[in-house]
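Chain nomenclature is as follows: A, B, C and D, assigned in order of appearance, with residue numbering initiated at 1 for each chain independently.
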């Protein structure tokens, strides 16, 4: 590995020569703003927010598409750079609805964050804004072209990472939107509703159709393991008022920031009203609610009875591939150590 | 043996052709050179256009008659790959597509980069409004491009070339198809060219109406079958280009210059033009010019010589106002700079660019804001929409220009326009975006007073912006009623043989009255 | 998996057999597609044209139940053309001659005949696999849910060894585990013959280790598997059945048989998060909490032990499964108490060699892939790195044997079952997500368009499907992605439940039921049948 | 408005097109030539044809649609045999061109920018044809109709029907 030394914002660092300035800056702990960059994808270079000044270059350079060089001196926060970023943000706001007050993305919207950081406001103007186009055909999420900044992350995640290719840029220039073939809607495309586009969207353009209203700052995130297949995708459960209201993928994990439709959107069962809330005993063919103590009592009665009448091998247990390791361990321990039988199995075969 | 064949064709064909052309009084001899006859050509030096209108483009033998494919033979038979690259480097030939990057340097990059496959691309996606240099070469001398590409292929080690040509040029497509087939048939393209083990095949790829595909990386995207959106240049195209392989993209005129350079040497080429910009450049001289057409002159020729000596000045003896070079990426050059030398550096120093060679001449009746608006509208329509500054910024600039020409803008708008022009040029992804504001920047620089007239006085000095002019009928009116009859909105009143008047509330400024007014020598209808 | 998920993208060749990966393991499916986009070759062997077929260099659309013939055929081509890794075999393997002798009888012509695929495709697949420096095999239930499932796995293992793909990075033989913690459940000894970490119950030393740790005597008699349990219930030998987090009424083969067993057993406890179809037959139903309401660990298909963390409170009186089991143990007089799952993991790692270096602190950030021997061990990316784990890799030549139930005049079609993207197992959880039901809300059967035409069945028609074990009514989905004599049904749905039709023949070694092959008949529902 | 592409009626062209696709599909970057050929053969890009391209070249339909909408030479609506352009320049507009346009739309049952299902007529608008003194003006193919009144519309169309 060849390394080079360079200076970013007066900080000297030595990095692998294959890196780009944006990667080197990240290693140096310097945050460069970006709207279309994703380390999992090829460099796109559309948002221009990552422009920096590099000594010896007359023009501003984008940090995402510039490789580090020995002796390079980079400035990420000069007046010129900041002015240019403000102008770019201003151009985006000129073509973006002024509805942060009611936008569900507020608080986790990169455009909003940067507008705040750089002090750029909405202004009124008489110019054209993007024609309204909404695709709400998918049961799980909605696309609103007017909130779209055309960073292309959704398109690239769909075609390069999910490798489905359900959406693409449609039209050209100012009229560009993200669309499905013939704009027939996601539900009529080959979209598999994985929602990886939604997870990647920096603005409110692609949003889950949430049943719950919540603000980004109201939720706590709990990292856990998805329970829908053996891949073991890492997810953050978004929790508000003791209720799971959303799921987002973890990037630095086995799933590399991807999920499927179940992992991303099927969380409503957790707080579902049909959940079993109490032990139930069948008496005369009818289930009745009982207490835990009563349930344990009955189990003890039955165990004692069969143990005496039929011996240990009259017990059998089906453990669960959906329960945790600890639970499976205890379940077999219960049968082996307490009930003295090896009649224990689970659904590995199904 | 292969050379003998070429020589035989040349020696048989050339006298025959020349004799006929002389008989038809189309050409004359300038030293050994056969050149087109007439005042228009007198002050031109044609290298890229050397065969245009002289040979029959559908007959490869006529091309050979004028030294065609001798350069390719020379390269393959007596020059190593690096010697070809070296010659091109020494010639200092700069890309004729607009940016002026040294061709030899580009070739060297691709030559010295190891890869199992390399490509040569000829950019024939000439899209600047008013420019048709490449089209003429493709339609009138296609083999000069094919030969240039083959030499390029040999030099860098590519065996496959693509010509990306606009679909709007059906005649060029037809000529090229025919030329490629003929060259293959003659063994001048394809497998084992001249029996020297070099293979080179050329495939045509058509554009489908996207100006941005003239940009190298967008062109590559398009050939690959994608939306023509430019790529950020993390790596050079000469290293990582078409399908990730080293790729050279040169435009038509550049390739047409290659065979003469190989044949006559770098020194010969450097003896023409200026030190930093050797050789000639082809321009398409159009607009309000007396003699419109293609002009090829040595680099460094004064703009005045092109516009006045060759072009014959403005039509109808109107006063010269500006020449716009470089299309939507270029700028307007005012009268003060008519003595500027036309080469890459000099044009850049006054805010314009060489561009691919479009030269649109404007006279006193052209409104410069309207021209800036026209080019901006073009850029808005043709922006690929990928990067924010170009997609959003050009649209906002266009809207301000619209306000100005409608007399609705104020000084703040003008400031905003200037600011936007700099954002777009500073931060856009590709060359097209970066240069899109040039028409605005140069007109702001040289014609600020016209902007102020529109904004402050609400007047269009060129009397071209409809919203800012009014029609009036002067005392010269003879009361013929023709204007009254032709007014589509009944805005003209007046009895027969009495002076008419226009109700400016009703007038829609269609100009019908002005057109039909029979009063001579000065029309009774006036524009203010 | 011998290897890791992250390695998929670096495979030169990916051989997917009996796995509709993009639907059953969507994220791994995406990685496979990414690999193909990056230039990897893809071989797909599946009776249906699945999404991956479109990305494949070769799609072997074989008859259900003929995997072994296919693999033997591929190995025949590889051996005949001397494309095997001789050096690797000499160094690492035994019994090559036996294998060579057996597969000699499987020239591609014969395999092609048995599998119903073009012989050139078998040859092409074999050449691609053998000529790749790094080739990984990925399979799921399409390989295992056959009466010859274990043999098919051996066969795949033979193929991998033959080309030196075991113990190598970016290659290997990789079963993709279906359920979120099926790897962990097996690791934890929730099987009749194994204690944790596959320590055998009949292995004296192991058993004694557990007896010491648990301070009690243990039985060394191998227990009953699920299918055997149902039989023992009918024989009135098993009286007490405790089902935790399982829904056999929907998931297990031959539903009628399952129901009759559940009805018959004296005392049935079902512990779940919803009142499932199985709960109907329970005597006692215990409410458990979902994965989002408890702490613990899951072990994924690449052997990575990862944390499950509590995000929301328990609902009602529901409790985490571990707590319920512990309280039952305590009720039954076993005193040991745990205050949190972390303590249970401590006990697990003290008894399980593969888990001995694992603790909650260490797996907090990114989990750890077992084996993880001690506190300094950072886990194992791919298995058998230095040597095949049992010493030398043993070739285990296996013959192709027909499936137990084959089509006949009465039941002329092969029914194969599987999963779809939009549902998980028996829909206990996903069936309660409106959006999923909107996209895929009910049962259907895939039928070839020509066959459908012949039987006057149109897309969307109600059809009756019968087998020797039962019959159901479902809707026809007419497709051109399946062979003429094969039908496919997802097993998730209870309206037209596929498992009423499936059979209980099992693989004699692993006891896996032959869910992928049942003989059935299909007919369009007549007007008068509509109620 | 949907244009039902009749696969049967276009059988020969479709066959020719498929043959073309199988010839070029081994080449890198076959999509643009495929779209260009389709536009040539069918005069527009029918959905059905894009699906054929998607299947044959194994490119997602969305990507094909994205590419096709990028280049201005591709059209998704068949152009009618007769192109009607109603001038909406200022003079014509003032003289009631909008009503004339609406009359054409009503008469043909299509909107501006569309084509009749029999592919006979397309309606478009023009931005000043330079005949202001004869406003409102309508151009059909290259024929100019000056001073058009609403009641003339049917008669004008009849000559092209």
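By our rule, a residue touches a chain if its C-beta (ideal position, glycine included) is under 8 Å from a C-beta of that chain, and two chains touch if they have at least 3 such contacts.
On a predicted model such as this, the values are computed, not experimentally measured, just so you know.
Chain A has its Cα centroid nearest to the centroid of all protein Cα atoms in the structure. Among the remaining chains, B is positioned farthest from chain A, on the basis of C-alpha centroids.
Computed centre separation for the pair chain A/chain B is 49 angstrom, with centres defined by C-alpha atoms. Centroids of chain B and chain D (each the mean of its C-alpha atoms) stand 31 Å apart. If you average the Cα atoms of chain A and of chain C, the two centres end up 28 Å apart. Separating the centre of chain C from that of chain D, both taken as means of CA atoms, is a distance of 54 Å.
Multi-chain contact residues of chain B (touching two or more other chains) are listed as 210, 227, 229, 384.
In chain D, the positions touching at least two other chains are 59, 63, 66-67, 70-72.
Residue positions of chain A with contacts to 2 or more other chains are 168-169, 171-172. Every pair of chains meeting the touch criterion is listed here: A-B, A-C, A-D, B-D.
Taken together, the chain A residues at the contact with chain C in this complex read 139-140, 160-163, 187, 192-194, 209, 222-234, 237, 239, 242-244, 252-255, 258-262, 265-272, 274-282, 287, 291-292, 295-300, 302-303, 306, 309-310, 312-350. Residues 167, 205-210, 222-229, 243, 384, 486-489, 508-512, 516 of chain B touch chain D in their complex. Interface residues of chain A facing chain D in the complex, by the touch rule stated above, are 159, 164-172, 179-182, 189-190.
Residue ranges of chain D in contact with chain A, taken from their complex: 47, 50, 59-67, 69-72, 76. Of all residues in chain A, only 20, 43-48, 51, 59-60, 62, 64-67, 84, 87-88, 91-92, 94-95, 125-128, 149-150, 152, 168-169, 171-176 touch chain B in the complex they form.
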